[in-house]
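The chains carry the letters A, B, C and D, assigned in the order they are written, with residues numbered from 1 in each.
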Amino acid sequence: MSDLQAILDSIHTELLPRLGEGKVADYIPELAKVDPNQFGMAIATVDGNVRSVGDADIPFSIQSISKVFMLTLALGKVGESLWKRVGREPSGTAFNSIVQLEREEGIPRNPFINAGAIAVSDIVLSGHAPREAIGELLRFVRYVADDESITIDDKVARSETQTGFRNIALANFMRAYGNLDHPVEHVLGVYFHQCALSMTCEQLAKAGLYLAARGTNPITGHSVVSPKRARRINALMLTCGHYDGSGDFAYHVGLPGKSGVGGGILAVAPGIGSIAVWSPGLNKVGNSQLGAVALEMLAARTGWSVFGD
Amino acid sequence: MSDLQAILDSIHTELLPRLGEGKVADYIPELAKVDPNQFGMAIATVDGNVRSVGDADIPFSIQSISKVFMLTLALGKVGESLWKRVGREPSGTAFNSIVQLEREEGIPRNPFINAGAIAVSDIVLSGHAPREAIGELLRFVRYVADDESITIDDKVARSETQTGFRNIALANFMRAYGNLDHPVEHVLGVYFHQCALSMTCEQLAKAGLYLAARGTNPITGHSVVSPKRARRINALMLTCGHYDGSGDFAYHVGLPGKSGVGGGILAVAPGIGSIAVWSPGLNKVGNSQLGAVALEMLAARTGWSVFGD
Amino acid sequence: MSDLQAILDSIHTELLPRLGEGKVADYIPELAKVDPNQFGMAIATVDGNVRSVGDADIPFSIQSISKVFMLTLALGKVGESLWKRVGREPSGTAFNSIVQLEREEGIPRNPFINAGAIAVSDIVLSGHAPREAIGELLRFVRYVADDESITIDDKVARSETQTGFRNIALANFMRAYGNLDHPVEHVLGVYFHQCALSMTCEQLAKAGLYLAARGTNPITGHSVVSPKRARRINALMLTCGHYDGSGDFAYHVGLPGKSGVGGGILAVAPGIGSIAVWSPGLNKVGNSQLGAVALEMLAARTGWSVFGD
Amino acid sequence: MSDLQAILDSIHTELLPRLGEGKVADYIPELAKVDPNQFGMAIATVDGNVRSVGDADIPFSIQSISKVFMLTLALGKVGESLWKRVGREPSGTAFNSIVQLEREEGIPRNPFINAGAIAVSDIVLSGHAPREAIGELLRFVRYVADDESITIDDKVARSETQTGFRNIALANFMRAYGNLDHPVEHVLGVYFHQCALSMTCEQLAKAGLYLAARGTNPITGHSVVSPKRARRINALMLTCGHYDGSGDFAYHVGLPGKSGVGGGILAVAPGIGSIAVWSPGLNKVGNSQLGAVALEMLAARTGWSVFGD
């Protein structure tokens, strides 16, 4: 499929003059230091091939993309009962909004907004010390990506801990409603570390491949989730994966995806492959500006949209 | 594909004991009179075949499903400039909520909630008397369904007009923000009549087929929209088609769909076919209870989910 | 009390250089035509004297100040049962907000926001044709002011009818919740005409005197309400009389008051007198800018604040 | 004024059969242990007399009533610049709501809701260690009450600290918006301790007397605030002192007042006296049920309403 490499190359070439567009996240000091003039993209296809372009081998902070892996882990632990504590609907509000939490009495709208991911962290913590839960997540991500070199960036985790007042507010608010079982500090310890996972586009594309391949990583043969669960996680990514820009992403790209404020996006083409893109500048709803553009180009040129070719 | 007929039959058989579940919409007097013990389903596939089961030949009030056809018409008239007046994001609120309209200054979140559809009606009205706009919609639906017998139920339209205080409120509110060009009565005249379109499952499945077939009805060969626009309408149906139950529908069914309070749902399997299901009892977010169950069964048995097989 | 005249004169003199401050209401075309460089003030004391300064004999549109008289009328008709349909709490939102109405299912927060006054109009309508209800209000205001020359400005009423989309929305929304007994057009007919009452500061000060004098106009001896009801209406004016600027008005002026977008304010000094001030320019929460300043000066110089001297 | 004692006695007698009405606050474990069958009332008049009835000499947790003293302290420190960080409008929401904070970007609506009092605590902290700020408040309350025996109940403070997740959320949320200068733990340390002030009705009535007497305690001659500031604090108590029941309290009682979830209410009759009432059972908006009734009786029998006699 040399076509695919050609498509990646053409996207890269066309976007080169636009490098630096958007605004790097500045509310986490460590992220603010990242050079905005970077762009990488990688595609892992279900046949086991990985193609990439640009800065696809430079690690970046995957931030909220980790919510996909945490949700997978938590569903593995507690199954569908997870949905007693988290909803499955788009929020219609910003990623860190607390308004909805009050109106809906401590039940976050979905697992991909911060409040929902904090509840998921609480579930993953069950029966663990925070350090162990973080270890479990790291092992899981290394397992699905088939790459032992993936790490958590402690400086980023620390930076988030020190400035994450809004997340501390969300966690305490849920605790007030009885929707956290563990001490807030433990839950946030897990939450801030998951956000600090550091991965390259290539690693991330491979890590997401199980979602494109009926729940099983075709490269390693590892079964991660059932085909049904893979479909369902994809559905959540499509409706809720881009905060209050989810509808727009579906409209323009047409693939399930999850973005992070580090500038990464993981997208899934069911039955075909998994795509990771990274460029640090964000658009005004907090998603990678060039990342979204690159994925729109890719979908248009490949016909991979789930909504028709 | 006799399999497909067998699947339809099995769904029908399994749901027979559950007929009457849910609650028939009672805020529109004419709809409240409908016998809840009805269930019909029809599938039109891109090869031109139509299969059906149960009450698939009984006309029902398609209500909000008409918003898909109105959007198609309006996009044909004004193209992407439509999005200056209507958003593309899930609302996170009920179908007739006015809260969001105030917060976002008269711009409805998407074309599939009532406020959005009222704005779309205003667009379709441009340069027309209300009667002509209604005539244009009727001709369009007959054209895409290839069926001249489709009608608008005047009793339902009148019933909605007399009790539609909330929709009158929405329209006046948008007018106050300058987001309606025509007199409120004219716009609502169009809006209430579109909701009163009366169709059978078979007609509806055929009418939606262009969305599954790259924008062209494969039976008649009529080109309705471009492939890109068909994909985009499908994306909107998936993220916004079931009000505040859109996430749940995507999770369980995995197909773009649009529901109506008459108990109908139109779903699209891109590249495969168009499905219409009807059962009057509604669940608590206002979507057909058995209709949603039937579609979940269908998706599970066919592997048609857009999120993987 | 020649002191009082001196105080009025000093306020007038000090404010003359500031005439024209604020912004004349422009959403009602007739009001937008008013010359902003006007200022009048009148005080009617419980001993029957009326003192005034500036343009106190020029009629202006009292707009929402009429809500005080309508509430008095409605309480006379249905007594405390009125509070089943309208709340008594500050709204925390703008005068024409619809958000609260949805959250609290059609029950307006208080009788001094638009939605509340529309519900009060519905109560005053009971058993009347709209024309009669308007006649009753006009007779009532003439009676409390002891002045048969007070009129309703039909041009203003018509202007409001033609542009009052937001009020039409509010009324229909309440109707949808069952909180209006009469047709929306009738209720709004009453509502728009009450807003169009045209009075001078002198007339208005006399009309409000019953609120300062235990419910009885000391000039005419007419008993309007009981002392208890007079206190309660004053309480509502203090907590809710200036929309989302009520707290600020209480903080700076310390008197019960009701403002209108025509630039008038009626204030009450219980046991002492009734004050009317008018200057068309509005501050950003929609209250007369110089009117509020004049009342703050008056309260500071007289020690009339209800919160201590 | 033996009449006043007779009025207190009659109120007490009439309320005795109703002791136990309402619901004792249970979200703070220490408060849940209080015997609900208690009722005390004390009045300190500007002539220096103190009259009381019932359990007026039993200390109770004054909780949010302390917000009045903290506001007085903070205004003494930073003057009117305080209002850059806190609003002066009724909130229209519950005492611990976070919704408004998000909409208004970290600026609490007024100093008498929890968020506002937390911001005020931050101001009082300036240049202090938390322990010193708490000491300063305690000295201040002892000073205005002229009673060195007043204490802070450490068990209550600890109980609040351990269960105050919602207040922790509010504080972190404000910190996220830059509206706290000190570490959240320090600010909340002050906040939780002020709530745990333990006072009798007699002490509380004397402590509030400066608000009734132009800012100066007439018993001790201590000048606490200027007359203007006393009026303004009274105005805030009237419009914002009872959370979302402020309008109702003004309507029924007609006096500036501040309630606490411990079941106490401090009310002020400007120029006349200061009233403290205590009964632990709360009504549904979180104010003392019998306390409010007793104050309504008192106002009716004395004619002390600020809105007329």
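Annotations for the structure displayed:
Criterion: contacts are C-beta pairs under 8 Å (C-beta built on N, C-alpha and C of every residue); 3 or more make two chains touch, one makes a residue touch a chain.
A quick note: this is a predicted structure, and the numbers were derived from the prediction, not measured.
Among the remaining chains, the Cα-based centre furthest from that of chain C is the centre of A. Both chain A and chain D derive from one sequence, and where they touch, over half of the residue numbers involved are common to the two copies. With centres set at the average Cα position, the gap from chain C to chain D is 32 Å. Chain B and chain D have Cα centroids separated by 55 Å.
Computed from the mean C-alpha positions, the centre of chain A lies at a distance of 47 Å from the centre of chain D. Not a single residue in chain D touches at least two other chains. If you check each pair of chains against the touch rule, the ones that pass are A-B, A-D, B-C, C-D. Residues 97-99, 101-103, 165-166, 168-173, 175-176, 184 of chain C touch chain B in their complex.
Interface residues of chain B, counted against chain A in their complex, comprise 87-93, 100, 109-110, 211-212, 214, 227-228, 230-232, 234-236, 238-240, 244-248, 250-251, 254, 256, 270-271, 300, 305-309.
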